[in-house]
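Multiple structures are listed underneath, in structure tokens.
In the two complexes that follow, chain A is the common piece, with chain B as its partner first and chain C second.
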Partner chain A sequence: MWRYTLRRLIQGVITVWFIATATFMAMHAVPGDPLTSDKAVPAEIRANLEAKYGLDKPVFQQYLIYMGNLVRGDFGISFVQKNREVNDIIREHFPVSATLGILAIVFAGLGGVLWGALTALYRNRLPDVVIMFLVILGISVPSFVFAALGQLTLVNLNDLAGFSVLPVAGWGTVWHMLVPSLVLGLSTMAYLTRLMRSSMLEVVSSDFVRTARAKGLPPTRIFSKHQLRNAILPVITVLGPSIAAITTGGFVVELVFAIPGLGRYFVQAVQQLDYTVIMGTTVFYGAFLVLMVIIVDLLYGLIDPRMRLE
Partner chain B sequence: MSDIANNQDDFTRSAGRQLAIFALSSIAGIALLMLGLSWASDLTSTGSGAGEAVDAATGTVTLVLNEEPPQLNSTKATDQVSMRVLGHVMEGLLRYDEDNRLVPGVAESWEIGPEEAVFHLREDARWSDGQPVTAHDFVFSWRTAVDPATASEYGFIMYAVKNAEAINRGELPVDALGVTAVDDRTLRVELERPIAYFDKLVAFVTYYPVREAFFEETGGRYGADADTLLYNGPFEITSWVHGASLRMEKNPHYWDQDRVHIQVLDHAYITQDPNAQLNLFKDGKIAYTTLTEENLNEALVQGWHLHRFMDGSVFFIEFNHREGRVTRNWHLRKAIQLALDPAELVYRVIKLPGYVPGESLFPIWLQGVESTLRQEYPAPTAQMDPEQARRHLAQAKQELGLAEIPPLVMLTGDNPISNKQSEYYQEQLKQVLGLDIRIDKQIFKQRLAKMTAGDFDLVLAGWGPDFDDPLTFGDLFASWNLNNRGRYDNPELDRWVRVAQSSTDPRARMDAFGEIQRIQFEDVVVLPNYERGIVYVEDPRIEGMVRRAVGPDPDFTNVRIVEGS
Partner chain C sequence: MSDSRSMSYQPKPGVFQPLMTEQRAQMLTRSSLSYWEDAWRRLKSNRRALISLYIVIGLLAFTVLGPLVWTIDPAAQDLDQISTPPGADRSATLVEPYRPWDGSSALPMAPGLRLAEPATTQAVRLLWDPLEGASAYRVYRNIFPMDPGDALGLPLAETFTAAETRFEDRLDLQPRTYYYTVVALDDHGHQLPARDTLEVSVERVVTVREAVSRGLVKAEDNPQPGDAVELALHPLGTDYLGRDMLARLMYGARVSLFIGICAPLLFVLFGTVYGSTAGFMGGRVDQGLMRFADFVIALPFLLFMILFKIAFGIGPGESGILPMVVAMVLLLWPATARLVRGQILQVREEGYVNAARLLGARTNYLVLRHMIPNTLGVILVTLTFAVPNAIFIEAFLSFIGMGVAPPTPSWGSMCNEGIKTMLTYPHELIFPAVMISITVLAFNLLGDGLRDALDAKMRSTE
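Now for the complex of A and B:
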């Protein structure tokens, strides 16, 4: 177990190093740099700026310096938000994104299990048909449409009620979290529902369920201990990658609902060629996702004893 | 058989009950989790306790910002959002009032001569900690702005002050700057050359004061947070949650208290999304928002009163005049000029109210001697003429010795209007002249990098004013101007630019601008497309918001809340 964990962690570090290197090289390969500005600056000032930020050195040397700082945990200072350290940006804004992400993943996970089990139970009957139709919708419609629709619904709801039922945008209270995290988790929930449904159907017709019934176990026990617990395994497997989908998909939701999350910085930095923020957020997200996948894999071993044998 | 079915139904019912219990406990769990998370997030950041758009009881107006202000250090600020914020919390020697006239700010009087300018500071100008604003604060901020170590992108706007350029280039020490504090309330400025618009320059952000002692205390973090800034304007920032909100309250130490009618300007939201802004406005949460073409219709359905405003910038097709480019050929440029019609672009393609077809490099709002520049010097315009255009094209091919003009690269930005525009031009030039246009779509900084490198034949570019004088547009295509990215080089134009720069006779300067406008048209330096307009809505309960092409915009400092509407 410990050896397995250690091996996975070492692999993870190599992955993150690769992500950092690839991003660094790609970033320097596109035309322009963070110092490119609307008003052209005289060559002397430009040289001052380059020297100040170390951009006058050869790219490989910059890379070595950057990696050195990275190992010490220093992401540098943003080129656009000129007074802010990237570490501060991550520290201040990641908790917001994480809050949104945790809620979304919980919504998606619990919802997926619930709807999946329900549709399997009522297979080919009305609840199944209705839910599966919504699931197709949830998978195929992109999140920015749901975000816009969700917000519009809030506006109309507040208008109808004559007072503010739920805030339309912003961040800070429980009420601000509800709709954005639902919207963010929606497509994952839809995906998990499908997965849960098919996994449930497979389990229902398996031998051990038949045995359990033949033994005369009470239905409640068969359903929860034999069916749900076994059917849930594939859902847990995809939770890891789902975290990736949700954290990177957070950008649109954060923009629409005016939420001060990290996703916004992640995307804007690329548009503004803000080198340090691009690197900081990419490496941070990369490391975070790698860690999540490792944790999910380890959790898998706890839930399914068969996996521990490997 | 029926027994089995019965059994099955029993199972379903029991399982359904279990799922219901599961669902209820999930909801309870999520509610608990949300409470926990909101408690935890309280520890990391405070959210916007935002109220209604307009609250007469507390004198609060709630607004949205397009983005987090990137730079609130006035000596380094370059972007519109930072300037908008700084315009509310800082004040320069002079400022623009609600009718966009220059009026006294920190300076109560001034004399500007050909060699020097003297500003007399008012006695009651105060920083937000109650200390007086002195001439030393200006000396310090001006020196900081031109210091090569600061590397301010707007350093060039100080070049009117003696030695500023040499200092900025690192040729002279910072204290050689021609600005001295004669005493606490007298600021003397030596000028590099006679300059007709120095009063307009000192209203600019880069010329705002900074108190040295306070600046040093912040240890390089001046302007990074609400408490690392000192304010001398109508408002002060009382809370700034990065990326989330920025709250301004009336500055009790501001000298002109009568001018400020509201207590709080709460920028409770930060988002660029136009639909999110529209929804917030619709929900009565913000008092102002601009509209895009997509959500204009919604505004009409709602029956809102639409306001129009021209933001002062001019957009044009810039040609690459570098050696070896086909666009260096005058006949080719002339052919393109005669094949296009800016009016069609604005009225049929862009279709946004507020936009005006471009006829000149100089926008229509610029002041001349007595009326506007454009009234005194009407812009020469070309009528679209396909016949004539094709004749010029034939001549161009002959001069260039080409059977066919190779495909032309049109560099453009990545936004809805640029997309429509470049596709329209592609189609139009193909139809009228048979020219192939390759559209090269780039995000902002990459487009700028390619422009600077000269990696284009045509580029869709634009220019916004820095100060309220035609020169802010007039020197754009001088051979030495680095913003002349097509590298147009014409000694005759350069000569007129020098006249406009150094003459103090208003008529002679305006004549020079008239000449620049003529050369720009006749030599087809650029092809003006449009002057940009903005459509916006504001809450009917506020009045007195000021829009301006030059200076902080929009300006809410004079806003008052009107009752009963």
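Now for the complex of A and C:
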């Protein structure tokens, strides 16, 4: 187990290095640099600035310097925003994105397992048909439409109630988080429901469930100990990649609900070619995703004893 | 033993007849079905998948044939009909060209704030009686009826003297109801309590020359002021710049479907070549290739998508469709590569491949005759599921403003424009959103059906 963890972590570090290198190269392939602006800067001043920020050095040397700083955990300072270290930007805005994402995952995971199990139990009856219809809707409608609809519903709700039941946009309290994270988790929830349903149907007709029933276990115990626990495995496998999908969707939800997350900073930074912010956010996000996938894989071993042997 | 018995049993003549060679007692076997015939048979019996297939064909027809039928230019602006929902009133009246107002005309109306001439979209001409204590006036326009204490709306103008008691409004008039308010001002320009409000319904008018030049009426019909005309038809309404929604949806479908079909075709092709190479070569090469694929999978997709798109750059006048396709291909191939590699590894160990090899089959033959046909089903299913995914990505990128460059319409960018006016003109958001949803739904269900039909192992338990 420990050796496995260690191996995965080493692989993860190499992956993050690859991400950093690829980002660095892609970024420098973009014409222009952070000092390019609308205002014409005299050549001498530009040269000074370039020297100050090390932009006059060959790209490979810049790369080595950046990597050295990265190893020490220093993401550098922003080129565009005044007096801001990239570390500060991440420290301030990543928790917002992360909270949103984690809440969405929790919604999606719980909802997916619950609805999936329910549809399998009521196979081909009304609850199954209704939920599967909603699931197809959830998979086919883009997240920004859900975000817009969510906001519209909130506006109408507040209007109807005459006071602010739930805030329409912004960030701060638990109430702010509720609808955005629900919207964010919706498509993943739909996907997980489908997965859970088919895996549950497989488990229901398996030998060990028949055995459990034959030896007279109460149905609730069969459901929780035999069916649910086995059916949930495929759901957990895709949870890791889902986290990546949810961070992707997070951009839109942050945009629509005016949430000060990291996504908006990235889009802005790319437009302004703010080298350090681009690098910082990408490497950080990449590292976060890699770590999440590793954690999910380890978690899988905890839940499925068969995996531990390997 | 059988000998003796057959000797002992003598059938009566006529009971058994020898069979004629060309006669068969019964056809017990049906003609054998090939893999693809079988798959097609399965797909046909899946109603949901079949309907989805028809929808996909319909969408392609909408994209390819639509612009031939509905020949409105998607970039043309109809400034008389901005943000009109479908089925809106299109009637208008012909009038003479605009002439400056000398303030002489007056309609018989109650004193106070009143209209000097019928209110049209060409101009609203107001007259009012002097208000108490006024040394000047300010005119407001609102689109909502006002309660006391409400804001008065848009301040249009101020008069210089108390003697000037008329005003002509020509500011972006739409055929709707306006509420005009005249407020008295004191010497210092402060508002006094004396005010007067008038409700005005504005009638849509078009000048004769304009109507002829825009083809609303024919010049040889000798149109006269006062005639009624119909404005251009927009079956799905217009957007915030007065562009025809139907034409834009068709054109946007071209962009969205092009990206949604081209990019998956390319990256599935690349992933197939890559994955089958890795699976076929095996050993070190396989390990190296697949490790690289793992790295690419780990890249934060969206961030790189945006980065690549910017790196390839969008020149002036370009739509940015190609950079998006290239970026997608660069980032999305590894999933297919992994899948195909797994399939190839499986097929390689099958008995029929060994048999073929023992019979002296060359590598080329093995690949073309056994490997590819046996993985094609999986590849096809991947492709169908990749299409809605790519459409989503395009819509998503265009939505956050990093996708197709305006004025090229795509369903995503149309949603992006529509969401800003979602509360007042919902049709601008709903139509493109519905198009995206239907397309994604159809491809997803078709993919489900194909998977059930083509691949026994992946067959879902529905």
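The rule is short, and it goes like this: the second predicted complex is superposed on the first by the 310 of 310 C-alpha atoms of A that agree within 3 Å, B and C clash if a C-alpha of one lies under 4 Å from a C-alpha of the other, contacts with A are read in each partner's own complex, and residues count from 1 in each chain.
The rule is short, and it goes like this: a residue touches a chain if its C-beta (ideal position, glycine included) is under 8 Å from a C-beta of that chain, and two chains touch if they have at least 3 such contacts.
Worth saying up front: this structure is predicted, and the values here are computed from it rather than measured.
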| item | value |
| --- | --- |
| Partner chain(s) touched by A:I105 [first = chain B, second = chain C, both, neither] | neither |
| Partner chain(s) touched by A:L201 [first = chain B, second = chain C, both, neither] | second |
| First (chain B), second (chain C), both or neither touched by A:Y285 | second |
| Touching partner for A:V267 - first (chain B), second (chain C), both, neither | second |
| Touched partner set for A:I232, first chain B, second chain C, both or neither | neither |
| Partner chain in contact with A:V80 - chain B first, chain C second, else both or neither | first |
| Touched partner set for A:A212, first chain B, second chain C, both or neither | neither |
| Touching partner for A:P142 - first (chain B), second (chain C), both, neither | second |
| Touching partner for A:L152 - first (chain B), second (chain C), both, neither | both |
| Which partner, chain B or chain C, touches more chain A residues | B |
| Intersection of chain A interface sets (partners chain B, chain C) | 30-31, 148, 152, 155, 255-256, 271 |
| Residue ranges of chain A touching chain B (in the complex, touch as defined) | 30-34, 36-42, 44-45, 48-49, 52, 80-84, 89, 92-93, 95-96, 99, 102-103, 106-107, 110-111, 113-114, 117-118, 121-122, 148, 151-152, 154-155, 158-159, 164, 167-174, 176-178, 219-220, 222-224, 255-258, 260-261, 264-265, 268, 271-273 |
| Residue ranges of chain A touching chain C (in the complex, touch as defined) | 14-15, 18-19, 22-23, 26-27, 29-31, 136-137, 139-145, 148, 152, 155, 198, 201-202, 244, 247-248, 251-252, 255-256, 266-267, 270-271, 278, 281-282, 285-286, 289-290, 293 |
| Touching residues on chain C, where the partner in the complex is chain A | 294-295, 298-304, 306-308, 310-311, 313, 388, 392, 395-396, 399-402, 412, 415-416, 419, 422-423, 429, 433, 436-438, 440-441, 444-445, 460-462 |
| Complex interface listing, chain B residues touching chain A | 10-12, 14-16, 18-19, 22-23, 26, 29-30, 33-35, 37-38, 40-41, 44-50, 64, 67-68, 70-73, 76, 78, 148-149, 151-156, 168-170, 221-224, 241-244, 268-273, 275-276, 279-280, 282-283, 285, 442-446, 448-450, 452-453, 455, 481-483, 485 |
